[in-house]
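There are two complexes below, and they share subunit A, which is joined by subunit B in the first and by subunit C in the second.
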Partner chain A sequence: MHKNLVDALLPTGALIGALLLFGLFVWLGGVSPVETWVLLFRGAFGDWFSWQNTLTRAAPLMLTALCVALPARAGLVIIGGEGALVLGGLAAAAVPYLLPLPGNVAGTVIVCVAGFVVGAAWIALAGALRQYRGVNETISSLLLAYTAIAIFKQLVEGPMRDPATLNKPSTRTLDEAIRIGGIMGSDVHCGFVIGAFACIALGLWLALTARGFSVRVVGGNPRTAQLVGLPASGLILLACALGGGCAGLAGAIEVAAVHTNANASLIAGYGYAGILVSFIARHNPVAIIPVAILFGGFGAAGSLLQRRLGLPDASVQVLQGIAFVLILASEALRGVDWKAAGEMFRRSAMPREVPLNSSTKPT
Partner chain B sequence: MTNPTDASRRRTLAQLSAVSLATLSPFALRLAAAQKPLTVGVIYVGPRDDFGYNQSQAAAAAELKKMPGVKVVEEENVPETAAVTKTMTGMVKQDGASLLFPTSFGYFDPYLLALAAKETEVRFSHCGGMWTEGKHPKNTGSYFGYIDECQYLNGVIAGHMSKSKKLGFVAAKPIPQVLRNINAFTMGARSVDPKITTTVIFTGEWSMPVKEAEATNSLADQGVDVFTMHVDSPKVIVETAAKRGKMVCGYHVSQAKLAPAAYLTGAEWNWTTAYKTVVDAAQAGKPHPNFLRGGLKEGYVKMSPYGAMVTEPAKKMADGIKAKMLAGGFDIFVGELKSNKGAVVIPAGKSLKQTDPALEGMNYLVEGVIGSV
Partner chain C sequence: MKEILLPFLAAILGGALRVGVPFLFVSLGECLTEKSGRINLGLEGVLVLSAMAGFGGSYLSGSPWIGVLMASATGAALALLHGLLCSLPRVNDVATGIALMLLGTGLAFYWGKPLIQPQATQLPPLALGSWSSSALVQSALQVNPLLPIGLLIALALYWGFARTRWGLLVRLAGDSASATKALGYSVNGIRIAATAAGGAIAGLGGASLTLFYPGSWNEGISSGQGLIAVALVIFARWSPLRCVGAAMLFGGAGAIGPALQSIGISSGYNLFSAVPYVLTLVILVISCRPGKVAEGSPGELSSAR
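The block that comes next holds the complex of A and B.
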């Protein structure tokens, strides 16, 4: 109970600390900190419009964060989710070129599955390179992301280009019927629900199933895992594929819900933002949901802050930077025995006893 | 430009909170609308002080702020994703904007069009040439300038100043707008000396400073001594070229401040003309100007002042052509024009006016350009 309280207080305290520091920062720049705090809150969570704004921005981040979190639980540091995302988006846009799609939900599902499969294969490739060829997966996944972007551009600006898109090369637009719309008339598209569902489902999978447990064992100590007979390579590839699939799905949803076709605007850095989200959430799939919403909130609040106070975009990035550094630093306080620390502090604060036969004389 | 202590911002804030109170009652809103100043939202894809495309738009927004009865809200670094939908909606719903200038090309389809269909009372003015009669709604529109005229004049100056007879063009993507600038620049230079060539490097990105610097260095190594460009922010190219002791012709806005000793002249946007036309119409309640286009003559583009090193004959020739352009008697794309692959792209005796739709789909590089699409 006490431990849970500390667990919850640490990130909250870090966030409050960041807001205070940011207030000081804008105050030095001549802007009222109170006004800034009010606008930050109003922009991110103030009303229904702000909530929609925040949730829309959070939607792709949950899925790209899973691309980091799942392999991390299997002991891999994968940072190339951007590559899986753009290829997933490309695959979604490519399906109608290859086969006629039914103009209903089935079409949407096919498009999303295509994105998932391509993303899964891409990150599994990084996992396989590590398991079978000894290539560091962090570097290879990052480099594969550049390769993916190059492939994306080559195809979008070449064979898949819709000739009508003169000054902004794009693929042909997805049929209206298979696009993803908002949830119950809101601006928040179904990608948010899919993302949250994926986070919860994969969180439960890791926590409750034997396979999920095996993945965590491999992540904790691969040698032990092999000693007890777990197929480490297979489990690592599975975690990579699931993570990459999520990022690929994020790309497919971006295409089907937002862009309507694949073009260079898809390369918006969601894959890289996902790395940060996952690390803040300590690679816990369920914790990714609130962190992604917080992240989306920063985006939404930053938008209002720029418009109302004329602050440059960089100011919100400063806040975000302070917040995440403090949250990560506060992790160092986790597991501290507060009673012992207090005792130590009290002892150091007490006047030191001076032995009677000491040569030092009081002055 | 972004001084947060500016007293008018505080006032704006106070007014805004008053407006948001007023929105509580629809009756009060209608009353307020009668006296409410026109709120204009301007959205940039990059930073407002990028010495490039976004700064050229921000300069016009700054001019709007000086107009009576106009309030400007701005947001920078807005990507062409769901974020721009949110920014546009926020400007309408939270700030009460009734006229928007989403300035990046990729904002138009699907974001601007989707919102314009919902917010029929709001006017949208998009930078680029996308608006088409009959296809797009009346509350949307586009504005753009024939900046290839300025690139032609850049070429004339570059042609006079180059000693190596090799010019360099650092470009983002091989799309019609960019190809048109490369071709105009090259033709301007070759009107001075037909031996001149322009070597072009495409970086593939609108903003990729590392590749832009690499391209500039690589061109300098190949003997290029005058540079120009078409990327979102020419800053890095101008600075790199100046560091290498080469000359530059600027683009988007004047980069003279960055390299006074290397800056010959430049092709600049003058968006204020378009912005004011659109705002005037909105204030007077006249129909939304849907299609705004113009070159030097109409005041949509302008040239940077010549650098001190530009020679008299160069100035004289460029000024002569500029005078003809201002009088409307100069066409850049005149036959017979060959592509750099030898094909005739404009037959002899044919001359394309700036407004000709054939120029909008340009997909070739002219003779004298080293590079391929």
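The block that comes next holds the complex of A and C.
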């Protein structure tokens, strides 16, 4: 119980610290920190309009965070979710070029599955390189992400380009019928539900199933996994493929729900923000949901900060960076024996007494 | 054929010299950091932030060399933060690197917003090609004045690691933390110093991005050069001298796209821009072995295990 409390308190404290530091940061630039905080929360959760914006941004964040969290539970640090997202979106846009799609939900499902499969393959490649060739997966996944973006640009500006798009090269627009619509007439698309569902389902999978438990053993203690004969490579590849699939799905959903075709707007940095979300959620899929909503909100508030206070659009990125640094630094406080530390502090604060026998009474 | 090949080769050579210089500095900085037993993935952030600082310094002061100093100091400061954070208990150097990558680029875009439009004084090129009558060779050999500094740093690091007390201490901290402790030195102290010095070197790479080639500040100034450098160091097997060759090779690979464009082939430009990444991957696949520590790797390095 005490451990769970610390698990929740440390990231919360770090987030509050990050907001304070961010206030100090903008104050140094001559902007009122109080106004910044107020706008940050109004822009994120102030009214129904900002809530819609927030939840729309949270949808891909949850899925890209899963792309970090699942491999992390298997012991891998994957940071190339952006590549899987971009290729997933590209695959979703490519399906109608290859085969005629049914103009109903089945078509949407096919598009999403295509995104999932491509994303899964891309991250599984990073996992395979690490398992079979010993290549550091952190570096390789990022190199793969840059490669994916190059492939994306090449195809979108080349063979897959819709000739009608002059200024902004894009693929052909998805048929109206297979796009993902809003939930009950709002701007929040079903991708949010899919993302939240994926977080809960994968959380349960990790917590309750034998396969999920094996993945956690491989990540938590590789030596034990080896001793009991778990198929480590297969489990690691599974975790990578599931995570990559989620990021690919995020790309497909962005294409089918927001952009309606694949273009450069898809490369919006959701893959990188997902890294932060997953680390704050301590790679716990269920905890990803609230953290993704929070950071989706900060992202949504970014334009408000830009308009009202004239802050650069990168200010949200600065906040994310500060939060990430503090979250990691807060790990140092874990496992501190607070009682002993308090005792030590009290003792050091008191005047040092010479151990004479008589005078213990205060004078 | 000849009239196509010569410009192409000149463009590749010139590109290798231009594009390779940032790679050289970042890989030397990473080499120094990793020799002390830590990996700094945050050099990507260091590179972008110092590129902005260098540009800003040159723009505000009018002297590119002040910009270079600013870039180096900024790089050292951000890397120092990495060194300090990693010295806390239970803080992982890879995760910290990712955090500093985000923070560094965020800060750079934040402070660099007003610098996107203006033009800063650039570093004067060294005209090494004046012996040739060919204009192509002359323009290819307009060399970055920071390149000789980079070569000197590479030599100094090589000599330092082999011959000096400081170099030995850095290698000691990288190979065995317990031996360092047993001899009465502070492992964290050595690593913090090495990381900060590595950041200062990498900062020069940032300066050469904004003050020489491509010579302007924008938000896409570095696309992963800082991370490629981490792979370069593995490829160079942690030797500063081999870093020079590796950096030039990668510069050449990065120059293929622009070189093809210069002779009129522009289709597939995006794919050619991915050549350095794919080449890095291929090199990593070739040079890594599963379950085996890479040759020449410092023993304490978490990534090499």
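The definition used in the following text is that the second predicted complex is superposed on the first by the 317 of 363 C-alpha atoms of A that agree within 3 Å, B and C clash if a C-alpha of one lies under 4 Å from a C-alpha of the other, contacts with A are read in each partner's own complex, and residues count from 1 in each chain.
In this text, contacts are C-beta pairs under 8 Å (C-beta built on N, C-alpha and C of every residue); 3 or more make two chains touch, one makes a residue touch a chain.
Remember, it's a predicted structure, so these values are computed and weren't measured experimentally.
Trainee: Check subunit A with both subunit B and subunit C modelled on it and let me know: fit or clash.
Mentor: Once both complexes are aligned on subunit A, subunit B and subunit C clash.
Trainee: Touching A:Thr138, do we find subunit B (first), subunit C (second), both, or neither?
Mentor: second
Trainee: Let me test your reading of the model: by the given contact rule, A:Asp162 touches which partner, first (subunit B), second (subunit C), both or neither?
Mentor: neither
Trainee: Identify the partner contact of A:Ile79: answer first if only subunit B is touched, second if only subunit C is, both if each is, neither if none is.
Mentor: Only subunit C is touched by A:Ile79; subunit B is not.
Trainee: Please work out whether A:Arg308 is in contact with subunit B alone, subunit C alone, both, or neither, and reply first, second, both or neither.
Mentor: In the superposition, A:Arg308 contacts subunit B only.
Trainee: After the superposition on A, what does A:His259 contact: first (subunit B), second (subunit C), both or neither?
Mentor: Once the two structures are laid over each other on A, A:His259 reaches subunit B alone.
Trainee: Using the superposition on chain A described above, determine whether A:Asp175 touches subunit B (first), subunit C (second), both, or neither.
Mentor: In the superposition, A:Asp175 touches no partner, neither subunit B nor subunit C.
Trainee: In the overlay, answer first, second, both or neither for which of subunit B and subunit C A:Gln320 touches.
Mentor: second
Trainee: In the superposed view, which residues of subunit A touch subunit B and also subunit C?
Mentor: Common to the two interfaces on subunit A: residues 153, 157, 311-313.
Trainee: Any idea which subunit B residues touch subunit A in the complex?
Mentor: 2, 4-6, 9, 12-13, 16, 41, 47-48, 73-83, 85-87, 89-91, 93-95, 105-106, 110, 128, 173, 175-177, 204, 360-361
Trainee: Which bits of subunit A are touching subunit B when the two form their complex?
Mentor: 26, 29-31, 35, 49, 53, 56-57, 59, 153, 157, 166-169, 187, 189, 254, 258-260, 263, 265, 268-269, 299-300, 303-304, 306-313
Trainee: In the complex of these two chains, what residues of subunit C are touching subunit A?
Mentor: By the definition above, subunit C touches subunit A via 41, 81, 85, 88-92, 94-96, 98-100, 102-110, 113, 223-224, 227-228, 230-231, 234, 267-268, 270-271, 273-274, 277-278, 280-281, 284-285, 288-292, 303.
Trainee: Can you list the subunit A residues touching subunit C in their complex?
Mentor: Going by the criterion above, the answer is residues 77, 79, 129, 131-136, 138-140, 142-144, 146-147, 150-151, 153-154, 157-158, 272, 275-276, 279, 311-315, 317-322, 324-325, 327-329, 331-332, 334-335.
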